[in-house]
Amino acid sequence: MAIWIYAEHKDGQLKKVTLELLSAGRRLADQLNEELAAVLIGRDVAALAGPLGEYGADKVYLAENDALENYTTDGYTAVLAALAKEHRPMAILLGCTVQGRDLAAQVAQRLQTGLLTDCTGLELENGQLTFTRPIYAGKAFVKAVIPEARPVMATIRPNVLGLGQPQAGRSAETVKVAAQPGDIRQVIKDIVRQVSTRPELTEADIIVSGGRGMKGPENFKILEDLADVLGAAVGASRAAVDAGWVPQSMQVGQTGKTVSPVLYIACGISGAIQHLAGMGSSKCIVAINKDPEANIFKVADYGIVGDLFEVVPVLTEEFKKMMEK
Amino acid sequence: MKIVVCLKQTFDTEAKITINADGKINDQGVSLIMNPYDEFAVEEALRIKEKDGGEVTVISVGGAKAQDALRQALAMGADNAVLITPELEVMDEYATATILAKAIEGMEYDLILGGFRAIDDGSAQVAGRVAEILGLPVVNVVTKLEVADGKALATREIEGGSEVVEVPLPAVITAQKGLNEPRYPSMKGIMKAKKKPMDKKGLADLGLEPAAVAAKVTALSYFLPAPRAAGKIIPGEPAEAAVALARALREEAKII
Amino acid sequence: MIFKLTEEQELLQKTVRDFAREEVAPKAAEMDEKEEYDWSLWDKMAEMGLTGIPFPEDYGGAGMDNLSYAIAVEELSRVCASTGVLVSAHTSLCSWPIYQFGTEEQKQKYLVPLAEGTKIGALGLTEPSAGSDAGSVKLTAVPDGDEYVLNGTKIFITNGGRADIYVIIASTDKSRGHRGTAAFIVEKGTPGFTFGKKEHKMGIRASYTYELVFENCRVPKENMLGQDGQGFKIALATLDGGRIGIAAQALGIAQGAFDQALEYSKIREQFGKPISANQGLQWMLADMATRIEAARLLVYRAAYLKDNHQPYGKESAMAKLYASECAMWVTTKAVQIFGGYGYTREYPVERMMRDAKITEIYEGTSEVQRIVIAANLLK
């Protein structure tokens, strides 16, 4: 029984989490001596089978149809669920992205199986796929299995499994399947793209984030300057969002996004537990805050007690100099 | 318009999480609230009702304490509440969704709303599963909703932007932060809530056998994360501290 | 005696607590600093029905009990004492006497907008030479045809300047002393009624405290509240109930300061451990919590007695006396626990300590409360 990876893609490229899943999936497939397959759904996406193979897929199920050009819940659910009913994989793993969350829940119910979402750990224990996932906004974790229902379904948090090395020349067998999306009730009327050259928050390796201490929307410019030098994403705490300084899409925290960057630089953020819930799993946390008693210093690996308006520009300069060398 | 809102009671966002002697999450003395995402759903239902007329029913799967969350919704302006207490040792999203769908099946509805995820399990599955069971279209993570002429026009958050999706009613829509600003219950609302119906049911009342809602997921163990140790404060004037930090991130942490 | 809140009281407590934390708390420090109230908060409270909690729905109120009202004032005061007294003075000192002693016309004309929050109320009793000796008011009200002519000044009037409706206690017959007094409802903007000095105070700085000046201010006869000769009696009855509101305010201040100090003691580390690990501090916290609980029981009981139409004068005096002295003590200890930081404006406890002091003074000083209690004991 094969392990399947849902191959999410965007703008003609495979998403990083898809590659992370393949790397982990390859490990598991080898341990279980099973096949690793990727499911690629869309329109004109055949070229993506190449990198899928390089990252470890043995097989790629290619489901193409004009009606599948844009993701729709009904269309993609119909295709993935039908494919799974026919080929009966032992597991289907998806990235816990907007699309992955949406798709996984529908498919899991259609297949009458269990689903574990936003997993941060995936191991084989006693021959069972064992998942670790955060609960209570990461204040606790649960280890869980789906003992009987098949396929086992899970969505995995981006940026936690790690990326393996692609093997140039390794290719997967592409199997074209009939992609019948059926009646798609979601009609897309409009798509609004926020143009940004910065990485997406949930995928970024480095995040520069601002809170109440930023004192106003225009001051986020100094964080953007730092982000530009570091190739980072810019985030915010709830205080900055509620004050109307930045959009909700930038919020990191319990009622915002959960991020796992390598480096999280918190500027003027007190570190309320609801915020920590969203970034507590960052590998390295830097805090810059005027208040020496700020809670964020309890979890920061490096802290500067000082005025962020004086510290951040100097930091930007220093990194710029370092990059130039 | 008849609107059904699925809501859940969760631990307060400030709650300290500990593991008890049985290895389970300790719920003694924990402050409980309506799941914040469900508050957006209740508020949206009330706004639609205020605009187009109709009725709002709130429904929850939970223990007796969940009545507080349902009562809060009634005080905000919902018309009826239904509480289903399954009395099962183990539940998962499949079970919850099956129970909710069975209860809703017997109701008249044009629209089903819910929060897109709960802040305790963070699963973001139940509403989607309910939609699948009832054969309804679903739109998740919605930040703007318009309902007219038997259709819902929902602005859905996608990566790097948003999408406006139209679905025919009845449909399931889940709320994202930013959909609206939930109202506080008014004092009059609190007094009126006393007289509104709060229907309590068990599995048998729904005609469900425990076997039909057996969980697919088994939780093996719960644990707390290793506490993050505080690191070091870099001393000095802002400018020199910044320089020292940059150096530390390059040479010590080897990140830059 | 039931020591449990009803479901409605619990929901009210949670609602006001959430509102106070999310809407009022972020503004409290700035309002105190600038001595300016953010009136959008009043509008929100009016929308929620917090401006007429204990009055029947027929008069625009929420139809809730006095205990619910006390809880609301407590929860607001926990984050902002100025907001607590704004609601308390409005409800207990102005709306209540009109509810209790007003004619149906007066209730429709004045109580309804007060309860709905479209108008704000105040009580004008205190004068430069009539503080604790409230019976010796000198402001005169002389009948003239269909009107009374008011002359005199009131000072230290809470909500003064901003309030739309004032209950003014005046002397109508000096020879009869406090038996020659009457209460009048006077609207802001009435010719001859102006505002004098705005007080700059130690605490509750966002609460407006103004001098009221009456110079040949003509007020229609129909605006007399109750009968001629009843003015002082109305004032005393009003203060009996107002005491519960102030006691609730003091309780809220104490609780808010305690909450801050407790959290801080767990986070602040000295000598390698949180300061709460020191027994000295643990004992301080234990004493603070115990006194607050005692204050709470006194306040809630006074409200309970009033709700059950039983005499509550002694109990409300005890509640006010104890809760206010508790607030002063607890806030002082809270600043102590915060140490140097507690003395700065970065943290709210110095404001809470400044706010607490007035609760020992207004609406009957602690000395007056003791007189009231003793009078009840020695009846």
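The chains carry the letters A, B and C, assigned in the order they are written, with residues numbered from 1 in each.
Criterion: contacts are C-beta pairs under 8 Å (C-beta built on N, C-alpha and C of every residue); 3 or more make two chains touch, one makes a residue touch a chain.
Computed from a predicted model, the values in this text were never measured in an experiment.
Enquirer: Farthest chain from chain C, going by the mean of C-alpha atoms per chain?
Expert: That would be chain A.
Enquirer: What chain pair shows the greatest number of contacts?
Expert: Per-pair contact counts point to A-B as the maximum.
Enquirer: From the mean C-alpha coordinate of chain A to that of chain C, what's the distance rounded to whole Å?
Expert: Spacing between the chain centres: roughly 53 Å.
Enquirer: Which integer distance in Å separates the CA centroid of chain B from that of chain C?
Expert: Each chain's C-alpha centroid was found; their separation is 39 Å.
Enquirer: State, to the nearest whole Å, the distance from the C-alpha centre of chain A to the C-alpha centre of chain B.
Expert: 21
Enquirer: Touching at least two other chains at once: which residues of chain C meet that condition?
Expert: Within chain C, no residue contacts more than one other chain.
Enquirer: Among the residues of chain A, pick out those that touch two or more other chains and give their numbers.
Expert: If we look for residues of chain A contacting two or more partner chains, we find 298.
Enquirer: Which bits of chain C are touching chain A when the two form their complex?
Expert: 264, 267-268, 341, 346
Enquirer: Over in the complex, which chain B residues touch chain C? Could you list them?
Expert: That would be residues 68, 71-72, 75, 184-191, 193-194 of chain B.
Enquirer: Show me the residue ranges of chain A that touch chain C in the complex, using the header's touch definition.
Expert: 291, 293, 295, 298
Enquirer: Help me check something: in the complex, which residues belonging to chain C touch chain B?
Expert: 7-8, 10-12, 14-15, 18-19, 47-50, 53, 57, 62-64, 68
Enquirer: Along chain A, where are the residues that touch chain B in the complex?
Expert: 10, 72-74, 97-99, 101-102, 104-106, 108-110, 112-118, 130, 134-149, 185-194, 196, 200, 206, 230, 248-249, 251, 254-256, 262-263, 273-274, 280, 283-286, 297-307, 310-312, 314-315, 318-319, 322
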